[in-house]
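Input: one structure, supplied below.
Order of writing sets the chain letters: A, B, C and D. Residues in each chain are counted from 1.
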Amino acid sequence: MTLSDKIVTSMPSQGFEDLRHDFLKALRCMILSRTLEDKLGSLYRAGGRIVGGVYLGRGQEAFSAAAGIHLRWGRDIYGPLIRDQAGRIAFGEPVLDAMRTYLGVSTGPMRGRDGNIHRGRPQVGYMAMISHLGSLLAVVGGALFARRLRGTLGDSVGATSIGDGGTSTGAFHEGLNFAAVEKLPLVVSVANNQFAYSTPTHRQYACEDLVDRARGYGVGGHQVDGTDLLACVQVFRTAFQRARAGEGPQMVVGRLLRLGGHGEHDDASYVPDLQKHSHEGRDCLVVAQGQAVDLGWATPQELRQWEKEARKEVDQALAQVSKEPVPDPYRESWQALSTTALMEGQER
Amino acid sequence: MSSITYLEAIREAQYEALRDNPEVFLYGQDIGTFGGAFKATKNLGREFPGRVFDAPISEDAMIGMAVGAAVEGARPIVEMQFADFSSVGFNQIVNQAATLYWRTNTPCPVTIRLPSGGTAGSGPFHSQSMESIYAHYPGLVILTPATVEDAYWMLLDSVKLDDPVIYCEHKFLYYHLKADGFGQRMPIGKARIARPGRDATIVTYSAMLHESLRAAEELRLDGYEVEVVDLRSVKPMDTDTILASVARTGRLLVVGESFPWGGATAEVIARVSSEAFHLLDAPPLRLNSKDTPIPYHPNLWKAHRPTTASISAELRKLLRY
Amino acid sequence: MTLSDKIVTSMPSQGFEDLRHDFLKALRCMILSRTLEDKLGSLYRAGGRIVGGVYLGRGQEAFSAAAGIHLRWGRDIYGPLIRDQAGRIAFGEPVLDAMRTYLGVSTGPMRGRDGNIHRGRPQVGYMAMISHLGSLLAVVGGALFARRLRGTLGDSVGATSIGDGGTSTGAFHEGLNFAAVEKLPLVVSVANNQFAYSTPTHRQYACEDLVDRARGYGVGGHQVDGTDLLACVQVFRTAFQRARAGEGPQMVVGRLLRLGGHGEHDDASYVPDLQKHSHEGRDCLVVAQGQAVDLGWATPQELRQWEKEARKEVDQALAQVSKEPVPDPYRESWQALSTTALMEGQER
Amino acid sequence: MSSITYLEAIREAQYEALRDNPEVFLYGQDIGTFGGAFKATKNLGREFPGRVFDAPISEDAMIGMAVGAAVEGARPIVEMQFADFSSVGFNQIVNQAATLYWRTNTPCPVTIRLPSGGTAGSGPFHSQSMESIYAHYPGLVILTPATVEDAYWMLLDSVKLDDPVIYCEHKFLYYHLKADGFGQRMPIGKARIARPGRDATIVTYSAMLHESLRAAEELRLDGYEVEVVDLRSVKPMDTDTILASVARTGRLLVVGESFPWGGATAEVIARVSSEAFHLLDAPPLRLNSKDTPIPYHPNLWKAHRPTTASISAELRKLLRY
């Protein structure tokens, strides 16, 4: 069964014409993201190829891609998190970067030094997260701050993500508060997928909805059904417009469910069946494909074609990367400073 | 008792601590229903309802809360999901927990479990060994169990201590290291001669004990008898046992997995050099990981940390001297 | 000029009868606090007696005392901050504890090891803050948590404070969020005195009012004019009632102005005159004394009498402490662990 | 140039850094209008409008923001109000700033100023020396200037370096230490013979340099010539200069103000013992503060840290050997 066989339809077929381009762009990113992640998941389960863990964005592609399509590679600043494969693709990250990082080859952006979701290319505004949740927000903010200071901000914007669990970190609080004080053009996606690893939200926060936090920071607050691509595209369009218009940080809270384990090692048996069958448990990709057909923006044939192209792209990337070299400790520089003159011998 | 792993020993000690003292509770991310990222608290939430709590992703508050609970007489065991994440609870550990007794005469019986050390593919933020960071600050006890027995007894002892304990459990040992039982309790603060010898002393701790023992075994084929001292706790550090060993062998190699600047291995060498200089027949050597973050790719990771091979090479250098 | 000569009157004289007892209790604490702090300030300026810095609560006594009077020494848990001298007195801390700590004698609760506002007696539920702002909140929460776990919580409550600046710390966020998740009986006083050291609030947060944060944490939010004792007593009464009634943490935000420097070394020249003469720049003690007289709850004579008693108490404390021994390094145990067996020699 | 203090040198260096490079900006609590808790940025906000920013009380975000700015090519100087408060920015320092280059090949020119060390009456949370904590982590340069000249040149050099620098300025030296000018620039990574001698070597840094020089002077009255080496930077550490000095004197005392377990003094001893064992005529000694938090009362504080008297006593011990 291909993805497009599962299409369900639900949307009215008019009044969204101006979203068409964004929607389709996001949808194609979602398809590529899902295809890539399915491949990574099966490589992981097969064993032997993937280095380290695999953390997927399944079920979060609509929310992530709808943010990512508003970002311009090389011009905007993006600090994606764990479940932002779709956003990364939308931003312009080549599939090769992902594949190379997961397979740990030395040709990838992280050269085998760091892995999977930590990848990035900071020099082009594509930040490489560290594991510590929340700590990327201030970094993205700082990059915007520096651009404004130098006068090169222009219409560029920054975006980053956090999960429901990550909102409990002090770093997230400090980072968002700083960005609000500086009124930075920043969009923060809060992907409330109901769990932080196994921990349900009632052990994570006590407010009714995380969007209730926006006012306390003095930032724009937006809520959206994260399983609904059309809604996501619409809401993020507003949020990015406001951020670029100088209205300061915008916080977009999406309600959705992680469709899978925390990582591929986790069977997520702690997620109650009821929740899996709830509205937020819908597969956003299936929903989006249905929307596309209903709205007459794509035919089932086109969807199948896009899936085919995605599979081809992923397969090619895998084939190519499989031939690439893995890191060689003897050729590694083992140098943590860029200033070579200040390096000491390693084996004192 | 059938074969038990290092990880099971940690679970078992927590089980007994909960069973034996109502003041004990567990606090950590995903440690309840889920049983923890490594399953160190598996089933404990079910076996001790209302005593095992899932924490928000708030390491600073987690430690702060444990200190407050300890002030009231509770004896919390806090699990950091990975040692590396304690960096965001660093302030509460070194400034709140570690100073409480000295400042206010109030005991602070908090045990902080740090799943520590490298495993293949874990990368720079899920592999750190932070014992040297915490040992630098006054007011903390730093335990670094290398065996199933120590994992068990030292965790039980931690909970009984009236001082904050940083319990560094090594993830590499979780599943592989097995024993038939918990053996005898050895007091905290005492090092152990893990292997007797006469030609050289290796002082080490945690996962590096096993690499060191293998290296010693390798050297035996060359006719050398290498003594291996397991520090067990890096603070307090059992200088007497170290010196006694060096007195026997005259040669010292100190092996640790953490970063090379400062830290436990430098501390051992500084103590031996200052206090037993005349016992040394050769310059004391140390071996640590390299001075870069911990690499993700196994090829790099294996070259980054000390291994049986690199320890053997260092031993040969030491013995040739 | 005594304090009571400066009385201004402003309150309607009826309808507050049930607050009378609390109000007068708080007022007497304020008077004692002001008297003590004036003495500490002049000792500091005279030089030679005080060890370390002096950080005063002038202008914040009403807000602090109105919280403190709801706390019972030995039964509730209190974690006061920098400007809570009045709250400490209301809680039941003897003036001697303060005097001994400021003079660094070895008879004080901190035995010369730590100083001034860091003092406390954790074993009786009186927490001793460390300098790092925000980090006390989780400690107070943890104490409540332990009591509830053991079943000894009863009707006890916890209280702690923070300044406008302290709300920017990650520790404050994590601590309050944890307390909200656990629905702990905790009252958090946010003393918004318009400055953090020299930094005005617009460099500290971007929301309209800090009380806007309450909803985002899912805690009760209360606002009060921190210069108005009667209002403070009323608002804190509600907040403490709700906390004790199991409604979870309550955040009380008081608007006021620090009447002095950050510490006594600071002339606060950065505070604009306009702000000094604004409503929030009123001296809460003068206002409260006026209220007391207006309401017929105290005569000017009584006020003068209380001031006199306060001066006597402070003078006696000073006289006594002046004769007490300072720490002797040779008799100091130099032991950071309570487990003597695990201590190592100091001079390795 | 008339007499200038250590603190003025820090201000002056920041002035010149701002003047010479538009990518430099200052970020810290109360550093704008107010000029900083110690006035190290006095008037700079006025002289460089829009380049000096008051930060919220958010040390974690402050460092994170500086890293982000550095990624974009800026060269921020971040002031921590006291070194001790960097404990809440610890994670961003050791895991974000320190790993950026190694992980992503992106330079990270961030300078973090830590007003460090003890002064009378400052107590446990306004007195800490954290150089050993940061030096343990890979990817950071740790500077510990002891002189007006170094305070000036090393801060200017920090801003030019493409790596994150922890600049540990000692509060005890702020007002008292004076010089007539900034003298000659010495490169970062080179230690300095602050006083030549032949009978023993003291290796030290930061404020302890001055206590050590006074102790050396005291010993001169007994006829000893003690050489004093100022490390200047604890990481990188100039092992060559240390070894050359020990080669001359055969005796080593290492003095530091931070806590005794691990850290800079242990590192020096470990290097000398490992690399130049045969040069030593006596066991190498070290002197640190005591293993408790830093006391508030001056009586206790003076006994807690090394002083001229305790250094002299230790030197005598070393020379008697």
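Here is the rule we go by: a residue touches a chain if its C-beta (ideal position, glycine included) is under 8 Å from a C-beta of that chain, and two chains touch if they have at least 3 such contacts.
Note that the structure is a prediction, hence the values are computed from the model and not measured.
**Student:** Between chain C and chain D, which partner chains are common?
**Tutor:** Under the touch definition, chain C and chain D have A, B as mutual neighbours.
**Student:** To get from chain B to chain C along touching chains, fewest steps?
**Tutor:** Steps on the shortest route: 1.
**Student:** Go through A-D and A-B and name the pair with more C-beta contacts between its chains.
**Tutor:** A-D
**Student:** Tell me which chain's centre, taken as the mean of its C-alpha atoms, is farthest from chain D.
**Tutor:** The most distant chain relative to chain D turns out to be A.
**Student:** Roughly how many whole angstrom separate the Cα centroids of chain A and chain C?
**Tutor:** 45
**Student:** Distance-wise, how many Å sit between the C-alpha centres of chain A and chain D, to the nearest whole number?
**Tutor:** 41
**Student:** Can you check how far apart chain B and chain D are, centre to centre, with Cα atoms defining each centre and the answer in Å?
**Tutor:** That pair's centroid distance is 30 Å.
**Student:** How many angstrom lie between the CA centroids of chain A and chain B, rounded to a whole number?
**Tutor:** Using C-alpha averages as centres, the distance is 36 Å.
**Student:** Note the residues in chain C that touch 2 or more other chains, in rising order.
**Tutor:** Within chain C, the residues that touch at least two other chains are 110, 113-114, 118, 130-132, 168-171, 174, 177-178, 181, 203-205, 335-336, 344, 348.
**Student:** Name the residues of chain B that each touch 2 or more other chains.
**Tutor:** Residues 55-56, 58, 60-61, 84, 87-88, 91, 95, 98-99, 102-103, 124-125, 138-139, 235, 274-275, 290-293.
**Student:** Please classify the inter-chain touch graph. Allowed labels: line, ring, star, complete, other.
**Tutor:** complete
**Student:** Can you name the residues of chain B that touch chain C in the complex?
**Tutor:** 22-23, 25, 50-51, 55-56, 58-74, 76, 88, 91-92, 95-96, 98-108, 138-139, 141, 161-163, 188-189, 235-237, 239, 271, 274-275
**Student:** Quick one: which bits of chain A touch chain B in the complex? Just the residue numbers, please.
**Tutor:** Per the stated touch rule, the residues are 51-53, 104, 110, 112-115, 118, 130-134, 165-166, 168-171, 196-199, 203-205, 270, 326-330, 332, 334-336, 344, 346-348.
**Student:** Inside the complex, what are the residues of chain C that reach chain B?
**Tutor:** My answer: residues 109-111, 113-114, 118, 120-123, 127-128, 130-132, 135-147, 149-150, 170-171, 174-175, 177-178, 181, 335-339, 341-344, 348.
**Student:** Can you check the complex and tell me which residues of chain D touch chain B?
**Tutor:** 60, 84, 87-88, 90-91, 94-95, 98-99, 102-103, 124-125, 132-133, 135-139, 235, 258-259, 261-267, 269-270, 272-278, 280, 282-286, 290-293
**Student:** For the complex, which residues does chain C have touching chain A?
**Tutor:** For chain C paired with chain A, touching residues are 168-174, 177-178, 180-181, 183, 202-208, 210, 212-219, 248.
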